[in-house]
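Okay, got some structures for you below.
Heads up, the next two complexes both have subunit A, just with different partners, subunit B and then subunit C.
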Partner chain A sequence: MVTGSSKAARLAAPGRQVCLADRLRELFLRAELTAGVSVIAVFAFFAIAAGDHGFLSFVGTKNYLQVAAGIGIVATPITLLLVAGEFDLSVGTMTAAAGIAVAYPISFLGWPIWASMSAGLVAAAIVGTANGVLVVRFGIPSFLVTLGMMFFLRGVTLGLTLMLTGATQIFRLKALRAHDPMLPLFAGSVFGLPVALFWWLGMTAVAAHILTNTRYGNWIYASGGDPDAAAKMGIPVGPLKVALYVATAMSAVIVAMLEMFYVDLADVTQGLGKEFEAITSAVVGGAAITGGFGSPIGTALGALMFSMISQGFFYTDINDNWFYAFVGAMLILAVIVNGYTRGIAARRTLAK
Partner chain B sequence: MTAESNPLLSARGIRKSFGAIEALSGVSLTVNSGQIACLLGDNGAGKSTLIKILSGALKPDGGEILLAGERVVFASPKDALDRGIATVYQDLAIVAVMPIYRNFFLGREPEHGCGLLRRLDKRTAIRIAEEEIGRIGIDVGDVRRPIATLSGGERQSVAIARAIHFGARILILDEPTSALGVREAEIVLRFTRQAKERGIGIVFVTHNVHHAYLIGDTFEILKRGSVSVTFERAALSKEALLAQMSGGSELTRLAMALERDEADADL
Partner chain C sequence: MTASLHRRSPARRVTRSLSRFAGSALLALSALATNAFADDAKKPRIVFVSPLGPAQPFYLPILKGFDLAGKQFNIETVFRGNQQSSLFSEAPVVKRLLEDAIASKPDGLVVSDIYPDVLNDTIAAAVKSGIPVVLTNNGFGQADNVGALTFVGTDEHQLGEIGATRLRELGAKNVLVITVPPGIPFVDARMDGIAKGIAPSKTTIVQMPLEALSNQTKVVNTMVAAIQKDPSIDAIFSLGSCCGPAMVAARGQLGDKAKSMHFATIDLGAPVLDALKQGEIDFAIDQQQFLEGYEPVAILANYLRYAIEPVEHFYPTGPGLVTKANAEKIMSLTAQNFR
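Now for the complex of A and B:
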């Protein structure tokens, strides 16, 4: 509620004051605004409620950044997918599957990281292509395709892992590859900050660049904004969507590797539920489930907000379980505010 | 421009069936550069099917398409587009939420830089979109606004301007004025004639005889999948066209409507 009123005040002001410059007004109506304000509000809330209990400490900050990176890396391609008008519920399970696909060759076959990672990426390419082709070719709603894929993949991951290893976890990966030249890419830290953070920021920057500065971004917007129109203008809507599904599945490989070297363990249940965290971040960041809208930078802010809430309660006296209620309320609030902002943006341009 | 024996676009004996239903049974159509060929017909007469075949979206079951005398088979709408046949559909193939200039260049975005740094040349895109839309004589303001903020006639004109900019030699306009008011339709008709004067061959598909008569050079009336009548402009009075189109039964009423329209829209 704190966020609600401050956001409304910030939104209403430029509309009434005609003297404010257009650029400033545009800034206020940007998709990232809601997420930006949410981050500030959530940060302020926990800084006040838990600042002296460690939320503001370096370790506390590092913790929520690590969590934000784990969500954000997956949420970034999900954002592009949402802009293109599709959806992926299987990405969380894909994280678990990718973890096993990478950890098994490391642990049981003695493969180096690059080879194991390639195995994971191949698996991801297959899953992503399957999702994409089912959606594009057979016209099945992506919600159902990826829901089916989620269950299918969970079963395959669990079944295969048990069959091959007799357990549901694969341990001690770091020791096996302690001198692997690729290990620093997925474990450890840079300038004292977790390496995952840099993956996250890098992917966000690349996605933001693609969406706003390249022709592919134009195609992604068009595919979600009006698929028929996009197809008539010769845009390869189908292949584009398949590529985005593959990118999403591959991002799960990156997250799986970062997390598996972080906790030194791959687990068949790793990453379950991540799809909802990713979609929540993207929607808070200005993406529309119906396609045509979305911002990787907004999504990064959404992931940051999510992680602050999920980690913040740990430092307060409030029971951690309230976390979900808080997230749910923030999500719904963000959807309402984003819809309202889009409405203002449309009316403003109409009036001109 | 083109020799009489080699019209710019000529479709001969086009046939197309959907299951047991014969949508087109041997339709022919010819258009020369700098000419407006009107294709008239009621709903269900087969106009849409013919457009889809000419624009490469459907493959005909029989007949042939000649482009400047050369036999062509379109593999896809993109293929037809590459050969200079642009179709402006009723829905205009625009994405409402996207800016005007991004719609203008949709699918054919200008780029600069190379390799991984290849990116949209937004400045050029904005400049060209402003120039080309300015040439139509309509003022759309900032081309970075969503195209949803334009009126129907403006959107139609932008879609046509886009097709012309990208080198269309033949323009297929699908009911370009049907959803528009008198003023808006006037903008589109005037712009269509302007395009014709630039040497573009235009297939003007409509069920509105008044609009067709205002700008058409040749007229073909499609009825239940075949061409019932073909006229040259010289050999035709508006009344005769109306009579053919309506089968004579509604002639009087339509003629009256026509006279009223003429008083309204003096093009």
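Now for the complex of A and C:
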């Protein structure tokens, strides 16, 4: 694990005097920085290719930042899960389920947003706990557990929504709660920027803090790095993972509410595929699929890069038929830039 | 009766209505049972094979029509479609569904012939083996090719052409068309119709990747991006029910610019109808898809029981035009999934 966090590196050589050059190299080893280089490369590409079509404008910027927030909010707890060595493929479907769980009481029961949101959070807690307990208790690979949960949840959401409402969409929610004090938290904007952005930044900051500055962070690293050793050291690996699954499901509630009030619609099919966008962002941001490593800030940059690529495309003059080819090529290129930057820094360190 | 009830104590009223409910429930049950005993042996079974399903809001009226006709004509109706996703199942998936349906030896088959090149041979084989088939929703012009009794639905080309023509007549010069990548025949037919109807005005086409439809924020922001890239765009036309709500949200994002723009869509859904009522969408082209579920059962029931055959091989269910003027009346019906 050459690419450990700076804290881990310091712990490894406690007595050593660290000079400036070392610190710089250490900085370049950080996932955040290499992901940052990729973001700058992608941004530069679009600034040149589509700058005069509005990509650089305020609206253009807002456009991809908002999409990035929708991915990033979910990808943040996913990163912690990945670090702890687990997957969650059900989070995209959880977004749809949460959307309905929140929209139904608003639309049909006349509940205020706080109460409806609580309903969504309770639903998320149940799903998250189920995921976590199944993974921890039965030792089934989380890939399979959450894949099963994805299908199950999708079916339950569709079936229940049709049963309760006779439809698959619930709409016109904003007008029902126009004066709700909680509405600006999900539908407002701050300094002209969508509020989703601040949720995203806030969650990234909290996750980064937890992972690097608290003992829970060390527990998460340890659980993913060597679960048996972690358990022997007395780290509550099981409850920790369950808590992370609950946090992931709850993040889906936040995303669901932000998107629900943006489009004024909750739909049983929303959020499909979000799990892969989230995992892609985390991995681009330096997380290891095998566990033990990851960075919330890197993930945020990964989400930013991913959304810049997918939304920026529509500002270019490239024919839409090439969308997937373009996204795929850009992603691979960005990951190469990412790996290259990290590689240079790592070689320098080893050569010393 | 009402007056006498009012004089009774509430408790007695409850008991009385409860016992009456129980009585009527028993009656209904026994009626069901006799029905079942009387007709079970000869109740025909009709299977409906489709690339879409209840997760797609557009499909709910079709399913409603299918089940309602089943009840009214005393037919067992079985739906075999995409239960989970609002995206179209791929051709091989639909083909397998169709083969499974045929293997179950139904008395009649309803098929949404979305991929004629892939499905027609199988459908024709079913017809040859003696299963009467009605095409519905998808399959305009295919009834004769496969030997189906008829096709219930619309000429997709016409839906696109009428919509585009109307937008042009409203004064649109550059219409942003929101669609999905080409390759699905009905999508291509609608796009051809739009190209024909819009001239001499022009279109700007944006293809949403299919899975982006599961992220409405992306759809909204892509529309906004397209208009920012080309400010001469003065109308948005959604190729299907996928993007109606997103179009309304994009309208909100566009602010003052939206006031001079036109908004239209093909196909209805509850959110689109509501937006029509509010005047946020100018018009929608309707294909009354309820009939696409209902009529095939009616046609097959009459064919199976009385050998009544449709003469025309095209049973048109649209296109119809829905605007603010008639949206309200239709809206009250949508709640029950008739539109």
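Keep in mind that, in the parts below, the second predicted complex is superposed on the first by the 299 of 352 C-alpha atoms of A that agree within 3 Å, B and C clash if a C-alpha of one lies under 4 Å from a C-alpha of the other, contacts with A are read in each partner's own complex, and residues count from 1 in each chain.
The definition used in the following text is that a residue touches a chain if its C-beta (ideal position, glycine included) is under 8 Å from a C-beta of that chain, and two chains touch if they have at least 3 such contacts.
On a predicted model such as this, the values are computed, not experimentally measured, just so you know.
Of the two partner chains placed by superposition, only subunit C is touched by A:66; subunit B is not. Legend: residue contacts after superposition of the two complexes on their common chain; A:262 is shown touching subunit C, with no touch to subunit B.
Residue contacts after overlaying the shared chain place A:272 against subunit C, while subunit B stays out of touching range.
Contacts of A:214 after superposition: subunit B is touched, whereas subunit C is not reached.
Of the two partners subunit B and subunit C, it is C that touches the larger number of subunit A residues. Of the two partner chains, subunit B is the only one that A:233 touches; subunit C does not reach it.
In the superposition on chain A, contact of A:43 is made with neither subunit B nor subunit C.
Contacts of A:225 after superposition: subunit B is touched, whereas subunit C is not reached. Of the two partner chains placed by the overlay, only subunit B lies in contact with A:292; subunit C stays clear of it. When the two structures are aligned on the shared chain, A:245 is found in touch with neither subunit B nor subunit C.
Residue ranges of subunit A in contact with subunit B, taken from their complex: 209, 213-215, 217-219, 221-222, 225-226, 228-230, 232-235, 292-293, 346, 349-350, 352. Residue ranges on subunit C touching subunit A, taken from their complex, read 54-57, 60, 83-86, 181-182, 205-207, 209, 211-218, 220-222, 224-226, 228-229, 245-246, 248-249, 269-271, 274, 335-337. Against subunit C, in their complex, subunit A makes its touches with residues 50, 53-54, 57, 59-60, 63-64, 66-67, 70, 92, 151, 154-155, 158, 162, 166-169, 171-172, 259, 262-265, 267-274, 310-311, 314-315, 320-321, 323-324.
On subunit B, the positions that touch subunit A within their shared complex are 77-78, 81, 87, 89, 91-98, 102, 105-109, 111, 118-120, 122, 141-142, 145-146, 148-149.
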